[in-house]
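Below are the structure tokens for one structure; questions will follow.
To keep things simple, chains are lettered A, B, C and D as they appear, and every chain counts its residues starting from 1.
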């Protein structure tokens, strides 16, 4: 398939590379040129503007946040896109922007799909992402081969694109909760001289034997917070989006509030560039466990 | 093996029955007589006092809470136990009482093992409990056949018995956190017209594909809170024990505090006898989702 | 003094009226015409645009929120203002916008003062506002007669205008905390059959004998939440601004997080148009006290 | 009046001294002898047991906590008290113990009054305590002269003694909330380079011009946390009692939960012996303000 790819950060470049491996023709655009050159070396066509990438008729975007989406996918770009082009937005954005984009694309006669993903860069490279997709069924069918090249499974969430974003935010929020729960449990255990590794070894191989608990539990047990696969400061962004979605729906989310407060503390203490798992250091620091 | 069994609630009777099935000789005692008679019908020997049960030389107790342990396993009972008898306490009790019991048993020349379990009554019946055990290695070796008859796996946590209790409290606290996280995520999603069942179907079959999330997630998705396998009011007891263990170690546990507040609300609203999963109704009620 | 006044909501019209009473010449502008006509009847000069109001050389604005400030005080208005004009912004706005406005005004050669106020409409009418002002000392001196006509006291907070906004947000946050503290205390008391009125009568006439506690405590004791002098939904806006200021400074504010969650619940339950004091209904509803 | 006084800590000795000054005959008992000797030097009669103090017919107790009350005012002491003796318990104890004591005294034919006080040791010395009293009106009338000698005002809360304890716990909880609110507000301000002293100067002399805010606000502004007039570790005890009263009444108290967590952090960080106002250091430390 002929496909444009906009946004070649750590995630985007891995995903675009997998499209190339699956023999799709990929036209890539990115603000900085280095990843464009790298992918061109793997067979992609370099574009000089988002508009050029849209000429493929199907375009995937994987941008950092709401602001980047607004900046790159401007009214202008959408107005100049080929009629009936399909835009698959795989970034984690706000529910509010998701709703707005659905409308704006419709006004321009474009098809819009939201397809945020679960998985860190290593998972993206292995083409094992979990893709949560929402949009018109026919459009989803059309882009299914692209998802297959990038992920292990696609979960359809209905016609309205924002629905996929809701599920993505719910998932990242629950991920944060899992980390905080392990952090508090480990701090409590450690204060009684029981090693976090022992607690987590038991629990993440029985009741909590899921990828999130095993993965992040392992990082916490080993206090291995660098290099960051999912930066703590970016995780705050996602918790903020979950809180905003809750606020918009007038839903109190006390766990999300605790996460927000603790992530702010982590950043204030200098851990913003460490892995999301470094949130565990907050519980430990508050109880002064490291110095006992 | 000749073994006494004290405390035949829903959990205890299932565990004692499995000991009988494994051809152990079991002497049972319980405050009320009905479960004693039932197990006698399956081959157990009925005892008229805890002291009598201790004559087996190895005794398991599975009592409701700290108060019941203090009441049933009085100084008197311990003083009259056979020298070098082994007491395996499988109940969920406080870390403070666990430490106290270790000392008291030592003073009476008795061996004390803490072996709290993870698993609801159906799991106990299926002999699939996860048993967390701590005590002298030789004593643990000695009672290993009993654990094998009741559980799928025994996790050793060291010599000091209270260590097993710490892990048990950590686990039940993390279980509560998982329910609350799903509850808030679902309330947020529902406020945006995304069905909790859709959110949970996706997440508990991918990132969160562990027994706790699948089990409780299923109950939440179906709003199936009765009959209770783990009563919400009892879950509050366990959260309180985790908070107490944290307080003793001077560890702030903001998630545990939220759990406590929300469980109180659930009980005030009449859900104390429903399943722990009914905690999810708090997030939903606060946002008035049911009436939207 | 010749002064423009932009924004004639409940607060603004009372403040402008007091300027007229103090014999200042007031040029008023508002989006809707009714309050303009009313003040013209009291001697004010009606303006047809914000730009016209700026011709006075000194202009006060009292707009609803950040969005209204951006909309009304556009680049255009500032560019057309007389050179060296003074703009006194008395609204409660974000710290971020306050910093931005200081810079934008400087770029246009205008003097900018932030002077948010404490006091509800009845206090504004009585010219008893507490005014928190920050800006160049000479400019503050110049507008001091205006403050004297509207308030009981002006508190200077330094040269940088945003400093006054920080204090205003701190104050409104503390006000919310006072209400929530009374709410929880009263709910606890009521659950033990002690009337909230008795608790508050004692405490707000001794340890907590300050205007905030007496005023809001009285509303809570009498459950008198309508008519709203300070609408609960607007209070959420201010708590959000405090949280944003905290987030910008990487400061965890767990009390503010609780306020936010509880205000969302209040709004979800239909109390958004009631007085801020109706926050007390949340604690009471969660414990189901009204139906006991 | 002939009156016994049991418990001569910092508060008790100041209160007993004021009774002496008001020409009452005071029989004093304390576990340690130093304060007994000091008061004997001021005219008191030293007792060798609580029972002896009860011989006065009216006895005031001012003990540290629930445990001390149970230990000192044993069944034995109450059984040996003169028939119809009056016991005025001025300590801060749990609502549960207050209810239990009312019943136990009744069974022994004794009159029981709960009269906890607001005020730190300096206030006790100045005989300016606020006394919250509950009990039979005739008994309260009888002991009124004693209250007059110790306090500035007595607030009657009804017949059932525990009602006074509810109000006392509500008040101390609200005090903690006031400190935490100031702490978070100041941390937010400080992160924007606005001095806490400036914020508090303004707010505690206007909206929050009450003794609690002025007193504790002053300590926070000056970071003067030693010597402690009300030790932080003791404040945790009172917050715990408020939480217990809430839990008993099934009342969620999220502010109290935050207080508990933050007080635990303060103690873990070594501030347990500092003044309650040192709670403010938690907000500051979490945001790493001191090192910015």
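Everything that follows uses one rule, which is that a residue touches a chain if its C-beta (ideal position, glycine included) is under 8 Å from a C-beta of that chain, and two chains touch if they have at least 3 such contacts.
This one's a predicted model, so the numbers in the text were calculated from it and none came from an experiment.
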> Taking mean CA positions as centres, which chain lies farthest from subunit A?
Replying inline: D
>> If I list every residue number at the interface of subunit C and subunit D, are over half of them used by both copies, so same, or under half, so different?
In response: same
>> Suppose each chain is reduced to the average of its Cα coordinates; what separation in Å results between subunit B and subunit C?
In response: 52
> How many angstrom lie between the CA centroids of subunit A and subunit B, rounded to a whole number?
Replying inline: 37
> Per the centroid of Cα atoms for each chain, what is the distance between subunit B and subunit D, given in Å?
Replying inline: 39
>> Can you pull out the residues of subunit C that are in contact with at least two other chains?
In response: 246, 250-254, 258, 261-262, 264-265, 268, 286-288
> How about subunit D: which of its residues touch subunit B in the complex?
Replying inline: 246-247, 250-254, 257-258, 260-262, 264-265, 267-268
>> Can you tell me which positions in subunit D touch subunit A when the two form their complex?
In response: 254, 264-265, 268-270, 286-288
> In their complex, what parts of subunit B are in touch with subunit A?
Replying inline: 95, 118, 130, 132, 153, 155, 157-158, 162-163, 166-167, 169-171, 173-175, 177-178, 180-182, 184-189, 191-194, 198-199, 202-203, 206-213, 242, 245-246, 248-256, 258, 261-262, 283, 286-289
